[in-house]
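Paired with chain B in one complex and with chain C in the other, chain A is shared by the two complexes that follow.
After this line comes the complex of A and B, so read on.
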């Protein structure tokens, strides 16, 4: 192996922050997180256990940076070690559930992304994930779709025109998984209908909307993510928007938490997930809707709930929409992952479909009429999972429930 | 007594403590230097003292998260950490950080029980729970965890130190009388005072093993005794920041 690769790996290992290095040193490899991990529970492969990932990572770090290596020389990182770390890093939905079982509360989401950066430096990023980068470069979205088809979803739904203004108070950042995935077109439609029904000036970015950068972050390409952050913030600030709303949990988390770190400053606008916006409108009486009586079970998207703290807002919004709201046994900060995150679909779609089955079956067992979420990646996982496992259950985004109450979406 | 053993015991009690303190201090300095040499964190939550203390108590002292999910494992880890905590607290009396009189309000019988009987039970709990944790680790090895050498090293040191410490308590003291017996780590500052000389051989082996424990701390998983309060403090502050 060339010394150049070893130097690249060393440089990447050297990027563990102080806190992350302390976390790696503190981890007792107690395996208390293992049973909580959706990937491990699906495969029962020890390499997919979160604690094993820290064992592997600290071992590699010590090969390059320990006192021993400083005295007696650095050790070479072998191909097998690189392959194992890549296998471990990408069999993870980045759901952060391991944080909620770790007695020390390590910020595992950030730690696993750092490990993916190391995997990228090793050149062992899985092929499908590496391909994602090319698609992003060419099309500014991770699905390889032509950028000028970003608003094509509006052709398939009953909406007259989606506003593309030079200036507006509110910008609706649609997100790639909503714009390009058929299962989510009605989500974009529903959010647009909600905005249309309110007396607000709003706009979408159209072709000027690029991927939020979350897939690049998840693929360990922080510099690439920065490019998307810079572009999107510029486009939004140029339009002098005061508030950006998005229905995508991944986009929301990027804007709210990653962009300030990537850009070194806070953007000049407020960022809200559309479910927060919806809750506010409902609470202020701006949307007068009839309450239904369907049994609705709400799934907390990991990036929205556990990782962003938006837990009570969707429940409050739902309380205006139905009189019969039920919960999964583990919900809120403890919610089980749907399998739709962390780029797992590109690496091991069977595992993703295996993970989502657990939630679908629990929703069925609880006699839910509708399984509701507030994230297009979760909805996609549920729709794909229901099809794969032949499960009959209505799956909706929370905004689609509003559109149903408006009478503009089929029951 | 065999002169070699006698010299060895004298070294463990009279000279090794200085080495222990020196190695521990150097090891901690190296560990801190290792952390500080890493890049700074971009976004740390604003430290919230109340939330930090709350989650240190809930998650590190009481193992809330483990209790929520697996009562049996919780009982094991709580027994292990609780007994080791109690035993370390008990040892602090020997360093004159507290005195037996704090139990006087409980009455003579209870005070005596707290000072002389409870530590023996604590010792058994520690030995039992350490052994079970070792068995658990071996059983889960290559299935749910990949241990590093020092994961086993740490557990073995605790187990041996606890075994010889318990031997020191349950076997009768030697017949020779000593009015005052001290183990000096830092003269006039860190000194272990013993009011009774326990079983001689067990005592010296216990002194050796506990010093190995201290020496090993900065270089091993024992570091979580120190660093393990920082992460939950940040976790608590992050929860506050996210309003969870």
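After this line comes the complex of A and C, so read on.
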């Protein structure tokens, strides 16, 4: 192995802050979160347990920076060690359950991203994730789709025109997984219909909308994520929007929590997840909808609930839409992951489909008519999982329930 | 395979505890050498003492793992230990522990009756008083680790050459006070794990507010006690240094009191880890 790679790895390992090193060390001696980890529970492979991941990272760090290495010389990091760390790092949905169950309250999410940065420096990022990064570079979306087809979803649904204004009060940031994945076109349609029904000036960015940068962050390319943050914020500020709403939990978290850190400032607009916006409109009586009686079970997307704190809003919105709302046994901040996050799909889709099966089966066991979420990645996981495991269950985004009440979406 | 087995045996010794106890031996040994006058160190005796402490602590820790393997299996935090994973068998671990303890006794005999008694007190109180008798019976179980954690400090002091000075006893007593604070601050985070196996660790037996009050009381006792060493040094280095350390500790304690969070409990735990060694180092340097 070239000394150049070893130097790159050393530089990446050297990026751990003192606080993170102490956290890694403590984490590697504990295992209390293991039973909560969806990836570990699916595979039962110790390499996928959070504490083993940190112990692998500590071992690599010690090879380059420990007192022993300073006295007797650094040790070379082997290919197997690099491959193990990469496998461990990417067999994680970044769901944050380990953070919630951490007895020390560590920000494990930040640790996992930092470990993925190290994996990137090692050049052992999984092939599909590396490919995704290339597609992002070329097309500004992780699906390799032409940027000028970003609004093509509107051709497949019953909507006349999606406004692309130079200025507006509200911007709807659609997000790549909603714009480019067929299973989510009706989500974009539903949110547009909600906005259309209100007396507000709104716009989408069209081709000017780039990926929010979350996939770059998750692939350990934090600097690249900054490029997307800068572009999107500039496009939105140029249009003088006061509020940005998005139906994607990942985009929302990026805008709300990652962008201020990446840009070193808060954008000049408010960011809301569309479910918060929807709850406000329903509560203020601006959307007069008939309440249904379907049994609806709500799945908290990890990035929206546990990682962003939006837990009561979707439930309040649903209370206007159905008189029969039920819950998963573990919900809210303790919600089980659907398997749809962390780029797991590109690394081990079988594991993703295995993880989602648990939630689908629980929804069925509770006799839910509709499984509702508020994140296109979750919806995609549920749709793929239901198809794979031949589970008959209606799967919807919460905004689609509104569109159904409008009578513009098929039952 | 051999490397992995050696690693598992190293884990069986509880290496962090071992390092802490050796640190106590080193600081008290050299402080005693300095206090006794000419700082003339018998390095052979120092080495034999070092090995005796290392073997004694290792043997006691390994035997503790053997005795507690039933609860280690059930506790998530300890479920990765070699006896639980089956990479070392119970008979092998027992044999290893007794051989290690036996070797430490032989070395201690070479050093004299008092070193032998001190090591026997350390390992014996840890295994009998704490592990066998009180750990599973009372919520103040960690108080019974006090004689064992004080032993390496007393042992180091004795071998350093100043056996009859009360300051040596006080240093050991400080370690005994430090032990419960250190253990309770980490136990704050693992209450559920202890509850699962019915170990009545103080923080898991009372409300969180009471647990934190207990930790902070132990902290205040330690802070107050740390000033007792001022009586044996004229240098202001110790007074200033220990005051700065204590301010840091009190800041962390105040944060824990306000937030009651596990994270602040962890910060306090991390601060208490090097605290006693730093106090002893300050005391040692105040003589130079």
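By definition in this document, the second predicted complex is superposed on the first by the 409 of 411 C-alpha atoms of A that agree within 3 Å, B and C clash if a C-alpha of one lies under 4 Å from a C-alpha of the other, contacts with A are read in each partner's own complex, and residues count from 1 in each chain.
The rule is simple: a contact is a pair of C-beta atoms (placed from the backbone, for glycine too) under 8 Å apart; a residue touches a chain by one contact, two chains touch by 3 or more.
Keep in mind the model is a prediction, meaning the values are calculated, not measured.
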Superposed partners chain B and chain C on chain A - clash or fit: clash
Superposition-derived comparison: chain B or chain C, residues of chain A touched: B
Partner chain in contact with A:35 - chain B first, chain C second, else both or neither: both
First (chain B), second (chain C), both or neither touched by A:226: neither
First, second, both or neither for A:150, with chain B first and chain C second: neither
Which superposed partner A:22 touches (first chain B, second chain C, both, neither): both
Partner chain(s) touched by A:103 [first = chain B, second = chain C, both, neither]: both
Chain C collision site on chain B, chosen from 98-106, 134-142 or 170-178, when both complexes are overlaid on chain A: 134-142
Contact residues of chain A, present in both the chain B and the chain C interface: 22, 26, 29-32, 34-35, 51, 102-106
Residue ranges of chain B in contact with chain A within the complex: 30-31, 34-36, 38-44, 55, 59-60, 63, 65-66, 68-70, 73, 77, 140, 142-148, 151, 221, 223-224, 227-228, 230-232, 234-236, 238-239, 241-244
For the chain C and chain A complex, residues of the former touching the latter: 76-77, 79-80, 189-190, 192-193, 261-263, 265-266, 270
Contact footprint of chain B on chain A as seen in their complex: 14-23, 25-32, 34-36, 40, 44, 46, 49, 51-52, 55-56, 58-59, 65, 67, 99-107, 257, 260-261, 308-309, 311, 332-334
Interface residues, chain A side, partner chain C - complex: 22, 26, 29-32, 34-35, 51, 102-106
